[in-house]
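Paired with subunit B in one complex and with subunit C in the other, subunit A is shared by the two complexes that follow.
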Partner chain A sequence: MLDVDGLRKTYSGRGREVEAVRDLTFRLGEGELACLVGPSGCGKTTLLKCVSGLMRPTAGTVALDGRPVTGPPPDMAVVFQEYGRSLFPWLTVRGNVELPLKEKRLPKARRRELVDGALEAVGLAHAGARHPWELSGGMQQRVAIARAIAYEPRVLLMDEPFAAVDAQTRADLEDLIRGLWKRFSMTVLFVTHDIDEAVYLGQRVIVLSASPTVVQDDVRVDLPDERDQLTTRSAPRFAELRAQVYREIQTAKNGGGPSGADGAGTGGAEADGAADPDDPEADKGTGGADGPERTPTTTGGPR
Partner chain B sequence: MSAEADATATARKGAASALRVLGLPAVLIALWWWAAASSGSFFLTDPGTIAATFAEVWISERFLTDVLPSVGLLLTGYALAAVLGIGVGVPLGMSTRLRAAAEPVLEFLRAVPPPVLVPLLMLLVGLDTSMRAAVVVSGCVWPVLLNTVEGVRAVDPVLADTCRVYGIRGRRRLGVLVLRSASPQIAAGLRQALSIAIILMVISEMFASSSGLGYAVVQFQRSFAIPEMWSGIVLLGLLGVALSAVFARAERHALAWHRGLRAASRGE
Partner chain C sequence: MTAAPAARPAAGTGAGPGPAAAAPRRPLPGRDALLGVAGGAAFLLVWEAVPRTPAVSADHLPPASEVLATLAARSATGAFWSAVGATVSAWALGLAIAFAAAVALGLAIGSVPALRAATASTVEFLRPIPSVALIPLAILMYGSDLRSTLLLVVYASFWQIYIQVLYGVADLDPVAEQTARAYGLGRWARLRHLVWPTALPYLLTGVRLGAAVALILTITAQLTIGTPGLGQEISVAQSSGAAPLVYALIVATGLLGVAVNTGVRAVERRLLRWHSSVRGEAAV
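Entry: the complex of A and B
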């Protein structure tokens, strides 16, 4: 239902051209929950902005149900990383959740029903009359999630939504997202830099390379559908998948090409999770785990 | 017993805060009194005489002929300046191109001191109220305009993206995003404009009027009615204090979210 095809984005300024995203192609099926994970500075946010129609790609297309995305589509909602800046501080929690519904010209009774439902679903039924700045960071992000759900989107995009909340809140919010995804049967594209989070949440993990970004690998997460912070995270299969994604990212950081270039997009991941014998950089890569963040590569022109 | 003690404590607290508020004015008035009595100058009237004259002069038909028209002029000019400043400031803040085209002209116009427009406007508009209102507007509009431009420019890009994602545009975007996020700055501009408005009201009346507070003060001075002149000055001071108190109250109400947000981000 969501097709990203040959997406490319370059920024130009002061005579230089920075290629943030080189060539991205992937496809999300109806009702799928996919996580996008990649090294820092790999253009995840750029990608998400292009997918949501907030930014025009330099080349390539994004299509939702076959219709090209040229601006934010009406059935798509986005949850931003900066919860504190994506909520209107002059509106109450209710006001924030209700605002998009007013723009949709829904009748008052329906709006009330949707707002109540969404606030209840994120566990904030009691906080409707408060202002966002009276709430903790995790609660503010719940408000942003409630606003997205009340909008009744078919596609929900999330841009590192839990990067700025503490670990415990984060675990709660992850379970919340899994729950909401099942309950409201949306297609969810979840961008994160956290490998554990990606494997825990997704049915599928799309691994991005370092900038200029291409799809490094596409890993099918064959964990049971009912996930639990304790048992899922301690399952051997979780560790394997985690290790696989980790290795891919290390490879990506060190400039290795896509390991399964032919297999990308098919979701076919090797079950044994062993190092790719074709990739000599895979083992060396572990040393760079805390390496400096990659900045977008500067290119003098098309390479 | 304890209720009585509480009442005494409250009374003591009330007395203490009254002392804090009124202490310095009392000292200053006493000093003035002493200075007026010891100097013997004809032009330095003692506070008692000023107070008596104040009641005599202003609680009379002068209230209708001088005070009300002045306040009306002030508020009209101020309101026009606010509407004009915000109305022009919003499009300028939103469009880089408009801003680039208008900036040099605005900088020049802002640099012209408004009192110098009085003779010009006397010729152009005539000697009526609309001319005096024009003087007030010409001075008040700048802080409102420039602050509105800055406030609108500083709209948070994440909030702007949020509006785009949820299809919020047109008038609702203007009301819920642009004006609201610029409102703290707009309020700062309006506060500056208020004191400018009082100054220009008085100046325009001193130059070109046959009624109003500025005119009255000048008339009293020219006819050597010194206590009356002093009472006019006191009245203008009181008017300024009252207006800024009203303004502060309105701002407190409208920008409660802003104070809360700032307090919350300081606490973190």
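Entry: the complex of A and C
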């Protein structure tokens, strides 16, 4: 239902061109939960912005149910990593969840129903009257997820949503996403830098190469459908899949593309060592911190 | 992976160190309030005592008790209150015009980077022109009509507000903007639900600065051009050599300034309850 075909994005500025995404083609089936991993700086965020219609690709197309995406589609919701900046501090939790529904011109009764349902689904039924800044980071991200759910999307895009929360909260949120995905039967594209998270969550893991980005591999996750933080993560098959994805990313970082032809990828590892899942430590706290600095995303591209 | 921002939820607004963050707005704790009262009383005592020494003539500086008594007597007259009314209404009207113009232009020009860049040099030239330099122009155009007061007041307070609105619009968080667009908020909806609240803390700072400047210019215009109000009363009292009355009226304008500032701050506190400068430590 979601088709990404030959997607390419180059940023041009100050006389030089940066090719963030070279040639991406993949397809998500209806109701699929796919994770997208890749080495840091590989253009995951760029890809997500193109898919969500926030940014025009330089070439290639994104299509939702065969209709090309030229702007944010009404049946697609996005959850950003920086929950603190994505939620509006002047609105209550309820107000944040409800605002997009007002813009959809839904009647009041229906809005209340959707907001109540979404807050209940993320376990925040009691927090509707509070402000986002009164909540912990994990709870704030739950609010952002509730806002996405209430929007009744057919496709849910998540851009490293748990990169800025602690490990404990993260495990809870992962299970929450699996639960919501089944309950609301959405198609979910989950971008992450964390291999374990990708294997644990997804039915499928799409591995991206280093920039300029192509699809390195597409791994089917044949773990049982019922997943559990303890048993799933200690299953031998989990370790195998994890190792497989890890190797692919290592290959990607060392410049070996699937076709072996990515000359530009050589030296692409940029001396940042192993592909440890904690890689973007530097990004930590961007969700929580205020101040003028912007998230060091891969590209300072135009919005 | 344990050092998570979950431990500091209060910082998650992206609102940043807004202009309104400069001074704490908490009500003063009891001790400070007490010190404030004591300081004020000491000031009045010194003012009372100094004219009774040979150092300063009571003709130049009447004692506090005399000035305050004059003010009390004066405030029992209708003339005084109509002067206050004239001053306040000229001030409010000028500030309102400046506010409307600054907000409309600030939002429009601030939202278009090219327009902002193109107008920056002109703004930087016009803004530092002291409003009082326009007094002859105002008289030339409108005589001693209310409009000449308004011209000065609007010119002075417009820039204060306009510049803050520009800063406010520029403070728009790209993540918040992408969120709004991803959730289908159109141009108007983003202006209303995102740009406006983002700019509001800056705007209110501008209003606070603009309100003070507007009062100064209102009194100045009444003093020099002779439009009705407290300023004109002062100049009349001066020409009749009534020093205590001059002082009493000056005190009245000071009280007006305090009232204006307190009022704007109260509005700020109320409208910015969500802002980091007002909400203080958040409970988790």
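Definition applied: the second predicted complex is superposed on the first by the 258 of 303 C-alpha atoms of A that agree within 3 Å, B and C clash if a C-alpha of one lies under 4 Å from a C-alpha of the other, contacts with A are read in each partner's own complex, and residues count from 1 in each chain.
What we mean here is this: a residue touches a chain if its C-beta (ideal position, glycine included) is under 8 Å from a C-beta of that chain, and two chains touch if they have at least 3 such contacts.
Everything quoted here is computed from the prediction, not taken from an experiment.
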Query = Where does A:L54 make contact in the superposed view: on subunit B (first), on subunit C (second), on both, or on neither?
reply = both
Counting residues of subunit A touched by each of subunit B and subunit C, the higher count belongs to C
Touch test for A:L99: subunit B only (first), subunit C only (second), both, or neither? both
* Using the touch definition from the top, say if A:F88 reaches subunit B (first), subunit C (second), both or neither. => both
Subunit A residues where the subunit B and subunit C footprints coincide 49, 52, 54, 72, 74, 76-78, 80, 82, 85-86, 88-91, 99-100, 103-104, 131, 133-134, 147, 151
The residues of subunit C that touch subunit A in their complex are 1-6, 8-17, 173-179, 181-186, 189, 193-194, 197, 200, 274-276, 279, 282-284
Touching subunit B in the complex, subunit A uses residues 49, 52, 54, 71-72, 74, 76-78, 80, 82, 85-86, 88-91, 99-100, 102-104, 131, 133-134, 147, 151
Per the touch rule above, subunit B residues touching subunit A in the complex are 156, 158-159, 161-162, 164-169, 172, 176-177, 180-181, 183, 257-258, 260-261, 264-265
Per the touch rule, the subunit A residues reaching subunit C in their complex are 49, 52-54, 72, 74, 76-78, 80, 82-91, 99-100, 103-104, 131-140, 147, 151, 164-167, 169-170, 278, 284-285, 287-292, 294-295, 303
